[in-house]
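After this come two complexes, each holding chain A, first together with chain B and then together with chain C.
Now for the complex of A and B:
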């Protein structure tokens, strides 16, 4: 359509990247925070005790609670507090498939000592931040799955066409020309994208795979027909679940689950259990699956299957599977990165931050490139101003909104019913305000002021925490509370980084204004409306 | 006069872009669906494996289709390049089970 293959691809890269850039920025930011969902959960429920119960005590407590709450449920799941993903004992019970093909799920966090749910403030926590990166908020999953799926697909197209556009991918990697306006933005965009291309491509493609059966339901019906439980049949076949037993209807009391631990630990060693799943509890067909911690990028791991009534070991699987399923599992497992230790999570986090910077710099580049032409016109186009405003409101505004979510967690009264909704509402209200702010301020001022606001919001967060909980900075050092200490430090670093950004922007903008005053007094007004990032 | 003709060419450019987007999204989608249905039926694997492999390939096929549409010299070429695999794989997907293929 344009002359030449590479020019067409450059066009495709620009426009596919632009239309979904802001949503993807949101997805990347929240997905990044989701790398530390457990830690954020702990920070957002400061009342929660640190679990000290033994494994068998935890399992006993879980069984006791499930027996009283859900003796007739179809499945129970128990996550003992054995690793960083499960700092507290968690249980879930699920009912039978309902008419819509869903199951009713109930989740609880238990205190192993009392077998009662823990008492802590209602909060979406880090889990909600993580969940919003693939399910958004306020809209049903049926809609959000399509929306995120389409945006991610646009991103895949943007990546592939971007790679085609930059033929000199190796040379570009060593090219950075700072303080050269548009060229510097281009270099930044390209250097980072080259550096993290494998990660970027992996995270986008694997993210898409989560939505593949939503976007292409035909692939499922081609193999399984359009029957109602096609998805369920497919999953069972794929996972080679050999012990799916129909409920027999003959009541039989469930074996003592903590009694199975010896068998498990003799095979795996201590504290290797990821979860215990009981199907058809209190029925003669009951089965107990015990799953090993994830130790590779695959989603599956070793597992043991026991008879739920007699407690005999029935089957031992080493988590291997067909190559097709293995590939699928590894793709999804790589996206989640749950197998990783803390070091790997930080690597994931920083790669994701770079991803967000690539998206952000791409969005800024769009504006910077078109700015000279817009300045010649009397009034910039609506589209141009819209992109500028969305850039400020998203790149600087979303971090403010995330800070507001943390602030709300500490400031919304603990007793307020539905308080977790107010936490997340604060996030979106603040984001909306940040998006509208560029309407009333010149765009260059809006950038700087919003950056200052991010900085202030994060620098003050440790103070807010110290005033509203007993777990302040000094307390965290004294008790070696790594989660609270890390949160405080991370907030301070974020605040400082944004302060530096804001200072740099205003200095450069002043320099640009000063030069303009000297060289051409009459032009000063024009320069004032200039995007400060361009003056960089 | 010059103004009018440049306005015309701008309009026709915009129409072409709109048509390409439509073709890339809708045509690319249909082409991908036809291909993956064929793959599910033709791959000599167990049912669940064939579904997984085809599903994993879907986004690659879709991406290639989109790039094809925007890289083609003209719209006709772009449309033909999508139509051909769609028809072929669509028909094969129909015929394969009848011939006693993998499924």
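Now for the complex of A and C:
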């Protein structure tokens, strides 16, 4: 700890940022891909047909399937294709609460024409990528919630201390000075962080709010005790589902759900349904809730509640509630951004990319600052080498690993049982290899070579897709298949950008080694530019 | 949305020009007087204020605010990139020079 407030804050910023930087980079990268989780889902299950059935046909098919599979379930949920996040008809049924306080859930994607589940390869898809950004993988939720929660706290501390440390926010608001070594890295870090500060602060703070009941269990246990059911009791009260009743035990047949659509559409217009939830189906206490598409930054929206037996409309809610819950809903809704149109999603995506660059440049800065001193020693410190290696293995290595996940989706045989796990395993195995690679290569070569690998992996992805599915580039153009077309283009752009980065780095490295031999030793600031990454 | 983007972009351009360093990048050798600084700042802030009109046309105010933060971030980022890699490419520079420089020299 240093003397003086600003110095202390600088110290705090450096170290809070460093210790969790790599995990945060992972979180940002995968969270970002999650902005297009649905599109990635579609790409990763190329067998799925494009949904053409009408809304009432879909709902009928869903009801038929649920009736045969789960007539006695506690709840049914139906997501028709009008929901942007599920481009194919999806259903779920949940059983009664078991001894551990959980419910058994089953999910299916249906073909609306036949009311049978569609057959598509087993994959975690974009949803799993998205899920890993808050739940990691291989470890139980109880642990990961704490890990991510603590990392997010560090991040919030790093943001606040970073703002305090940065003296010239307004003077340097527009300033970026390239090709000046450490100065440029600092400019890059600072200018991006200043410009995206509203986003950065919002996403970190709202991310923390997701974990509020984990990080502050007292909030819940104060009013609801610490039993296993406490969370559910709390949620039910929070959601104030006043029309939902206990199961009566008297069987009664469920109304025809597609018959409710007219009432819904007369209020909301066509195709505005996000989901339909049925509680206690085939019981006299059955209730049907129909939820509107998200249309504000809140994660709740208008909803209609029907009597599940008679089909009468019981309640109409505008999705607003108490100010405390409204705040909570808006904060979480803002984080997810599901309400946004395509433009807003891209804005979120690019802001997130910038977030990853801020974290990455911060990690690189730590090395750049300490490098001159390290070079004077005979052997660099272990800590310094470790940070350098982790930087290469994460900043360049994680993109390779993500590409490996996509490759595995196409290359692991469709029939293989547990293939979903192999997809994930390939992501983490490749990442591990990328982390170890700097052990056997000089650090600046490792940067360049890993960047070339990212580039190659993404440039070849459209080719792999063309060889393993029928939905290749030409087919996508011919059928105006925007999802597949965009994935191909995005992969190519990513590949080209990383190729440019790699070329620039090797050019700088050649220039630096050239200079170093010409101007003997240490005459100019060559010592700084020996590492090409640092000279960018 | 496009209009708010253009308006905020022009606003940020003027605000950046009120800084000596960026003023020299765009108009090397010209003199940035205190009056000029004030004019650039006032006009810049006015334009940024105008971009708030997006809130009225957005379907809901919460969505409008979310848009607006995104618009501001990327409009300012574009200015930063242009200042760094070719300041003369900033849209509107010629008009700005007619409006702000000619009267003073």
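What we mean here is this: the second predicted complex is superposed on the first by the 521 of 536 C-alpha atoms of A that agree within 3 Å, B and C clash if a C-alpha of one lies under 4 Å from a C-alpha of the other, contacts with A are read in each partner's own complex, and residues count from 1 in each chain.
Going forward, contacts are C-beta pairs under 8 Å (C-beta built on N, C-alpha and C of every residue); 3 or more make two chains touch, one makes a residue touch a chain.
Since we're looking at a predicted model, the values are computed, not measured.
Student: Output check: A:226 vs chain B and chain C. Expected answer is one of first, second, both, neither. What do you get?
Tutor: neither
Student: Looking at A:297, would you say it contacts chain B, chain C, both, or neither? Reply first, second, both or neither.
Tutor: Touch status of A:297: second partner only.
Student: So, does A:161 touch the first partner chain B, the second partner chain C, both, or neither?
Tutor: First partner only.
Student: Return first, second, both or neither, reflecting whether A:343 touches chain B, chain C, both chains, or no partner chain.
Tutor: second
Student: Determine, under the contact definition given at the top, whether A:351 touches first (chain B), second (chain C), both, or neither.
Tutor: Touch partner of A:351: chain C, not chain B.
Student: After the superposition on A, what does A:328 contact: first (chain B), second (chain C), both or neither?
Tutor: It touches chain B, and chain C stays clear.
Student: Mind pulling up the chain A residues that touch chain B in the complex?
Tutor: These residues of chain A touch chain B: 1, 5, 8-9, 11-12, 153, 156-157, 160-161, 164, 205, 208-209, 212-213, 215-216, 218-220, 222-224, 234, 237-238, 322, 324-325, 327-328, 331.
Student: For the complex, give me every residue of chain B touching chain A.
Tutor: The contact residues of chain B facing chain A are 16-17, 20, 32-33, 36-37, 40-41, 45-56, 58-59, 62-63, 66-67, 70-72, 93, 103.
Student: Would you mind writing out the residues of chain A in touch with chain C in their complex?
Tutor: Spelled out, the residues of chain A in touch with chain C are 171, 173-178, 191-192, 195-196, 198-199, 295-298, 330, 334, 337, 339-340, 343-344, 347-348, 350-351, 354.
Student: Taking the complex as given, what residues does chain C use to touch chain A?
Tutor: Interface residues on the chain C side: 1, 12, 15-16, 19, 21-22, 59-60, 62-63, 65-67, 69-71, 73-74, 76-77, 79-81, 83-84.
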